[in-house]
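Here's the structure we're looking at; comments come further down.
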Amino acid sequence: MTILLKTVDLRKQFGETRACDGVNFVVHKGEFLSLVGSNGAGKTSLVNLISAHLTPDSGQILFEDKDITFMTVSERIKAGIARSFQIVNLFDGLTVFDNIALSIFSRDGKAGKIISLAEHDDDVRRETLEVLGQFGLSDKTAVLAGGLAQGERKLLDVAVAYALRPKLLFLDEPTSGVSTHEKAQIMDTVSSVVRAGTVTAVVIEHDMDVVFRYSDRIVMMHEGAFLADGTPDQIKMNKDVANILLGVPLSV
Amino acid sequence: MRWLRERSKVQLAAVAAAVLLLLALLPPFIGVYQTQLLTYGLIAAIAALGFNLLLGYTGLLSFGHSAFFGIGAYTVAFLARDAGIHSMELYILLGLPISALLSALFGYISVRHTRIFFGILTLALSQVLYSLAYKLFWVTGGSDGLRVPRPTLLAGLVSFSGPGSFLRFVNSYYYYVLAVFAVCVVVMWVIVHSPFGKALQAIRDNEVRAAFLGLRISRFRWVAFLISGTFTSLAGILWVPLNGLTTPEILYWPFSGEIVFTALLGGFRNFSGPIVGGIVFTYLKTYAVATTEYWQLLLGVVLVMLILVLPTGIVGAVSRLADRLKAKGKS
Amino acid sequence: MSILVIQILNSLFYASVLFLIAAGLSLIFGVMRIVNMAHGTLYAVGAYVTAWLMGKAIALGVPLGWLFLLLPVGAGVVALAGFVIEPLLLRPFYRRAEEYQLLVTFGLLLILEDVIRFLWGGMPITADTLQDVVPIMHIGGLVYPGYNLVVIGIGALAAIGLWAGIYRTKFGVMLRATSQDRRMASALGINVGLVYMSAFAIGCFMAGLGGAIIVPSQAAVLGMGVDALILAFVVVVIGGLGSLQGALVGALIVSFVRTAGIQFFPEIELAVLYLIAAIVLLIKPTGLFGNA
């Protein structure tokens, strides 16, 4: 398997808290990977470090064998890393259509075009409608993102990141706060685009049913470090994981 | 779908053309004073349109747009006095790049901040210009300001001297400003509907997410500032020949406040808000000044009431009302 | 030499007044997160009220020494105005975007400017009798109004009083708690509404006191508030919005630069001040002492 992303001894500390304590994280091309662990385990910090939302204290991040540790957000996006956020982050004053179209404009380096109407770009238009179709949002194109229901917002949030056509897509709790039915819809969509081949997904998720059902591989974090790493079956058998999931403290 | 899109655009163009035609037909009916007032209104609309690219579309409240209005006006005054230029087209052609340069400079400094700090920074920078205009009286005429004679229009084809020239000027100038105004509206409409305009709105709504689309936020804000300032300076350029005089008052920060007021009055969340606001504010202020010595008080009360009762401005309130009526009609 | 002493005293005199205005502005921002654009005008109200009261008192034959009592009275009137303005005009907007809050205070500025014009007309009014009560001083061969030293003293007292009030009293603890985290303060049982009202009134008192102490030496004129506001902005931008030390240091910097400016570069004196503010904002956005 080809290694897409690798972190080497990545460290980040907030005061006394070690959010990332020498993490060596590997993502293989084409996999659906879940990051699990209790709140404060360092999952989001790890994603923040990789997506340049945070700068590491030390360590290295390699993406397709290139050192991206000191790249800016926009350089990393150009390299092919996109992400969504734990709390829905949309452009509420723009339509659903424009939310997606903007991703595509930005990806293609067309977002700076001033003297041309956005809707006259037929390529972007076609692709936007295609993405909206994939995510089941076709009948919401003209609705303002601020007017969507929570489940739809979550879907759109994922779609906005996906429309950047990243090689590596990080989704931070894409199913939090939505109904079971919508959870399935979101995860089915994400997993189908991963299976389709072009995207590798790393998903932070709390719902273990969802995790076991969709993941190729599961990585469990605890106190800024990796506790377990394996297939869903291996993880199910892991004692430490079971203890943490059941809320039993680790024996030292 | 495409057809629908085109139809809505045709409708929009038809409404715009109708309004333009109405404005073009007005002068013979309303007389010279009203024509002059309406010209001021259109100019205020251009200023507010530019200002609103920042407030309404980028989410940045500038309290220093008097600087750009003022730089436009003073540039014209200098060109008239020191270079002997009396052509309106040259005023515009020379004035815009100079104003754009200043906007670029102020913008470069200001967009490093947002929210209240952006407001204070723009305010402080604009007051540098004010104090210079006020104190360097041998250059700027100090508080007396600088007089600007009536320029020629259309590359010298239309000039104004001799008896009756005032009336002719007011009339011709109205159409001149109306034409420039129409161009401004179209250009601004295209800008806010361009990918760039969408990006600005995205930045306004959610800066962090916009950054994670790969947009370089401060670059976009800077360009928005540059366009915004230049638009407002065009208003200043158009204003000074009509007023015949420019004084430091238009650089003073309460004038920036009036520009903010204008956008708010019309509604800064709508494209046409600042246009309506510019015209209504001009009339409101003129009549307030004419009826009472305490016009500021009147404006202040209107402003507070506006924020309290009509935070989306005139256009916002009207469109909400229209939506409600439409919904009623359907049910 | 004596000219230098006089210039330093002038700077301190000016700094005292500016500190009072800026500290009030900063306090209001620190606690309520509102930039009060009407603050300069409240300072002007303090000056007008004091000058007017002094005129009445002199006409009534009040002994001149007693006139000093009118300084806190003038400031108190502005504080009372603050008690009315906060619940009536500002409170409805706390949940709204900060643009609206800013604009409401701008509306208040427009209203107050005309209220001043309505009550006292367009002519400047003075209260220089009080300045004459304090004996003239001789510095070297030059004369200097002793009243200016009184103003410097009041400025220093106000700084100490404010510091003690914020850092040494129970109310100060409540004030600081509210400014740190409004919701937490409310959960701890602090009456946030009352704290807001008091903070705004104290800020108004400071501005009013600034106006009261300057009016015996400079006449109250229309537009004085609008000018003062911008200088107060410069002060808080340099010192840091919301910081008391910042207001003090900022006021000193602005005053000394201004005094030097009037002496050496009068044409660009104000421009230089605004530029200093812009540069500070660029290099240290939170100001020298700010942390917000």
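When the chains are written out, they are named A, B and C in that same order, and each has its own residue count from 1.
Just so we're on the same page, a contact is a pair of C-beta atoms (placed from the backbone, for glycine too) under 8 Å apart; a residue touches a chain by one contact, two chains touch by 3 or more.
Being a predicted model, the structure only gives us computed values, none of them experimental.
Judged by the touch criterion defined above, the protein chains link up one after another in an open path, with no loop closing it. Taking the CA centroid of chain C as reference, the farthest chain centroid is that of A.
Averaging the CA coordinates per chain and comparing them to the mean over all protein CA atoms picks out B as nearest.
With centres set at the average Cα position, the gap from chain A to chain C is 51 Å.
We define each chain's centre as the mean of its Cα atoms; on that basis chain A and chain B are separated by 43 Å. Annotation: 34 Å between the Cα-based centres of chain B and chain C. If you check the complex, the residues on chain B that touch chain C are 55, 61, 63, 109, 112-113, 115-117, 119-121, 123-125, 127-128, 131-132, 134-136, 253-254, 257, 260-261, 264, 293-297, 299-301, 303-304, 307-308, 311. By the touch criterion stated above, chain B contacts chain A in their complex at residues 5, 187, 190-191, 193-199, 201-202, 204-206, 208-216, 220, 223, 227.
Chain A meets chain B in the complex at residues 51, 53, 73-74, 77-78, 82-83, 85, 89-94, 98-99, 101-103, 105-107, 110-119, 121, 160-161, 164. Against chain B, the residues of chain C that register as touching in their complex are 35, 37, 89, 92-93, 96, 98-100, 102-104, 106-115, 117-118, 226, 230, 233-234, 237, 241, 266-271, 274-275, 277-278, 281-282, 285.
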